[in-house]
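Have a look at these structures, which come just after this line.
Common to both upcoming complexes is chain A, partnered first by chain B, then by chain C.
Now for the complex of A and B:
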């Protein structure tokens, strides 16, 4: 039983991690707290449904497709809704208001385009499973963990082992110095949004076959945000770890306490971690006068 | 004021104005509390229009109020999770209204449907009743779920309106001696009790793991189920109460399936019930799944996929040829001709709800509330699309319950249980 719970929680946790990475990436690169990230996940789920159900795409091709589409949408979002505000006033409050407005626009647009009823993917990612040592390993769960792990690994390698990743990290750490050494900061921030949007869309395309695609699943952005905070906001590895921990706390808390308190347990943990370690698990403590 | 505006600066002022415009546009796009597009070409004035002089002096013209359209309020959850049944209910209401209007209306008056989306919110649902009242509407069709209806009910009774619901099956909705709220679907006492009875007596199931949806519907279904199932000697091994937005049940299933229950009882709606069934099968559960009416909606099988096999449900409606009356067959033909697909349980009951009101108005020969309400309470053996309906003194409905089994990719009608036989 414990292994089954651990595995299904790991699958859900990996989905949270992908969303959390997006939150942290965007914050690290631009200082923006982007509340519309959850809606990128929602769009990934719904666009994936359209590609699989209506256009008969194979599942993995549909996932690649939604990552591209939503990534581009994320760049447009940054250029239209955030960049002008950053250029003119760089007010964090105005950017937050803009992101909330964007959240509502995307949410209502999804209802208009796809309707309000839950939409089922026509088939699971993978059928059946394997029984090993008395434990049932569903293939779908293993596929989700595998795909999410590959995405996170690819991202990690690109971010830390390529010139391109170095550039993104430089801009995230010090935009002014990066500009002085000739890095196109605006271009780099745009690419960051592209990657964050793509990862959120992948999370949606992994989430929907397990449950369903619907305009309301954007609420998962709150879990992704919580995972990012838990791991250390702005820390990419922390975001990955935060998502996995959050998934496990939800699952085991539901099992041993009550499923009615699933969210209460998860957010209680978040608050406790922040009280004891305000910078998150892997975040760096900053001086208040820095 | 001007000094304050000057202090903000032009650029910031422009941004502020843009944000306000954006917020207004978003608010205007929201559905909450806003009636849908009003039907065109309807007289806006409530004052009676002057009538032309009758050509035949021996046939005086009807008073203007008796020729004005009769406004009927329609409230339903058209967004969020209640859309699963709220949208079909609205479709059923409208189909019936269009048909009635094509045939000349009720007592010579066309029906004008005024729609509100309550988004599944009990507060919005209650406010919809108030909005209808303020518009002079006294007859309402409600496609809202039980929890929302329980919020509507006190207002309906306070304002003395007449509401018919095709799907709010919580017994508390009609727990009234002098009802203003009517429900034309059999309630949860029948739906939950019949499946509990059938599970013991016909399926010989001894133990069950129950998933209780944490709202009025789920708890009342579970209560009725347990009364019959446990009362007949069955045992509930464990009861899992889940929040209405839950999607992952693997943790609870992993914890409790080890006790090897004969069956899993589902008390919720189609989407999450389908997820429970699918996840249970994924974890190796091969026993029987028990459920009630909502799982007959297509979303259950879509969510459960192959896991829907061997599900038994107590249903209020069936399109099986052995279960259909002539009225149901007639309705089925008309619905398929218009929509190109079969109707579901909510559409059929919503259709009947409008026709029940029509019958009550015609029996009362009036559109005044009290005569119509009394006529509603006198309806016996109404032969409608959803079956033969008799309105009980508390406003509930007595109808046979259909026992259905999901087998080989579709729902099969097995038998009917008459009220009083279980």
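Now for the complex of A and C:
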């Protein structure tokens, strides 16, 4: 019982982690809080549904597809709605409001394209499972954890081992200095949105098969943000850990306290962390000019 | 050159504005359409909410996405007190405001943090409250809501039974609120707010209590949202969770943004304008959010100071043109 709660919570936690990485990455690279980040997850889930059930893509190909599509959309979003504000005033309030505008547009567009009814994925990611030492290990849960772990590992390697990653980290740490040494900062911010969008979309494609795909699931972005804050806003490793902790708190809390208020747990945790320890568990990584 | 003349010019306009508003009120009371009166009643409550949100938004510089939640807390507290416990309207109304501002004490410390944190925390708070409104059946009645909320009366002497009587009550309440907000923001607190808005670091270095001023704005804004909730509950006679959702908070934010951050007349005009647009776009409910979203993005890019700011910029440009 305990192990199976832990396992399914780990799968959900990894999904939160993927969204949280996007929040922290964008914050470090551009100082932006993007409210429409959860809608990227929502689009990942719905586009994934279309690719799997309408275009009969295999699941993994559909996932790669939505990562590319939503990643590009995320870059466009930055170009159209945030970049002009960043160059004019760079006011965080204006960017926050603009991102809420985007949230409205994307959310309603999803209703128009996919309807308001929740959509079920035609098949599970993987069927069946294994029994090991009296505990049932469903394959689907293991696959989600596996895919999310691979994505995070690849991201980690790109971020820390390649020239590309070095550029992204430089801009995140000090945009002005990066500009002085000849890095194209706008280009780098664009790449950051591409990566954040792709990870969020992957999270959606992983989440929907265990629940459902619908225009409403964009609200998961709040949980992704809660995970990012929990680990320390702007801290990438913290985002991963924060997501996993949040998944566990939510699962065990809803089992032992109240399942009707399952979502309330995550939201309350967000507010409590901000009230008591706004720098999170591992500490906040801020841009030096923010 | 325009600068010194503008305040006195606006002061000369004040009696005309007041007179004009009273005239509109009189016309509304005398014209036959009950539908129009009811529409205006709801619009006045919306204006009241936009004006109180302006205090948080435009003066504390914080994006609140929980204004509909505080509106709802006021409405539920007032409804529960008057339906279950038989409180008279005159006690339930201030109780609603106090309850909303007491709850806002939880969030007010976050007003000191950066905009990101406050915005997301208020979003989370709005979602929590909405869940409680919908799920805490014993207290809120769940999705069925609370009905039979009595019409307000003053000591049993002055019953506010008709829509027209309500119009007078709401207009009076809004006038009181407007004067309160204006006094508040033109006094010392208002000076603090403006200097914080212009340069937070400089304001702090002058000894202005930045964090405390922001917290005060949040608490006072929520107090007035609670009062508006109470008025709404008694006007409607029935409340359920729907009007207190995240989307209504966003719509209120849009009204303030359209009107212009930091301007109370802007917030009032923005909310009236948007209420009309909302009514006009009734047939295209599915496209409405997309249009609003696009409007928000475009405004933030090209006219971040809203219509009020755009108007002032126009005046300034014309003045300069005349001077040169």
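The rule is short, and it goes like this: the second predicted complex is superposed on the first by the 270 of 290 C-alpha atoms of A that agree within 3 Å, B and C clash if a C-alpha of one lies under 4 Å from a C-alpha of the other, contacts with A are read in each partner's own complex, and residues count from 1 in each chain.
By definition in this document, contacts are C-beta pairs under 8 Å (C-beta built on N, C-alpha and C of every residue); 3 or more make two chains touch, one makes a residue touch a chain.
Here the structure is a predicted model, which means the values were calculated and not measured.
Trainee: Touching A:96 in the superposition: chain B (first), chain C (second), both, neither?
Mentor: The answer is second: A:96 touches chain C but not chain B.
Trainee: On the A-aligned overlay, A:33 touches which partner chain: chain B = first, chain C = second, or both, or neither?
Mentor: A:33 sits against chain C, while chain B stays out of touch.
Trainee: Given the touch rule stated above, what does A:171 touch, chain B (first), chain C (second), both, or neither?
Mentor: So A:171 meets neither chain B nor chain C here.
Trainee: When the two structures are overlaid on chain A, which partner does A:85 contact: first (chain B), second (chain C), both, or neither?
Mentor: both
Trainee: Once the structures are superposed on A, label A:271 by its partner contacts, choosing first (chain B), second (chain C), both or neither.
Mentor: second
Trainee: Between chain B (first) and chain C (second), which, if any, makes contact with A:69: first, second, both or neither?
Mentor: In the superposition, A:69 touches no partner, neither chain B nor chain C.
Trainee: According to the stated criteria, A:200 is in contact with first (chain B), second (chain C), both, or neither; which is it?
Mentor: Neither: A:200 stays clear of chain B and chain C.
Trainee: Touching A:104, do we find chain B (first), chain C (second), both, or neither?
Mentor: both
Trainee: Answer with first, second, both or neither: which of chain B and chain C does A:208 touch in the superposed model?
Mentor: So A:208 meets neither chain B nor chain C here.
Trainee: Shared contact residues on chain A, chain B side and chain C side combined as an intersection?
Mentor: 85, 88-89, 94, 97-98, 101, 104-105, 108, 111, 219, 260, 263
Trainee: Which residues, counting only chain A, touch chain C once they are in their complex?
Mentor: The contact residues of chain A facing chain C are 27, 33, 35, 80-81, 84-85, 88-89, 91-98, 100-109, 111-112, 219, 222, 225-226, 229, 233, 260-261, 263-264, 267-268, 270-271, 274-275, 278.
Trainee: Quick check on the complex: what are the chain A residues that touch chain B?
Mentor: Per the stated touch rule, the residues are 1, 4-5, 8-9, 12, 85, 88-89, 94, 97-98, 101, 104-105, 108, 111, 115-118, 120, 123-124, 129, 131, 136, 138, 140, 210-212, 216, 219, 251-252, 254-255, 258-260, 262-263.
Trainee: For the complex, which residues does chain C have touching chain A?
Mentor: Going through chain C, the ones touching chain A are 61, 63, 65, 106-107, 109-110, 113-117, 119-121, 123-125, 127-128, 131-132, 135, 250, 253, 257, 261, 286-290, 292-297, 300-301, 304.
Trainee: Going by the contact rule at the top, pick out the chain B residues touching chain A in the complex.
Mentor: Interface residues on chain B, with respect to chain A: 11-12, 15, 19, 22-23, 26, 29-30, 78-81, 83-84, 87, 214, 240-243, 245-252, 254-255, 258, 271, 275, 282-284, 299, 302-303, 305.
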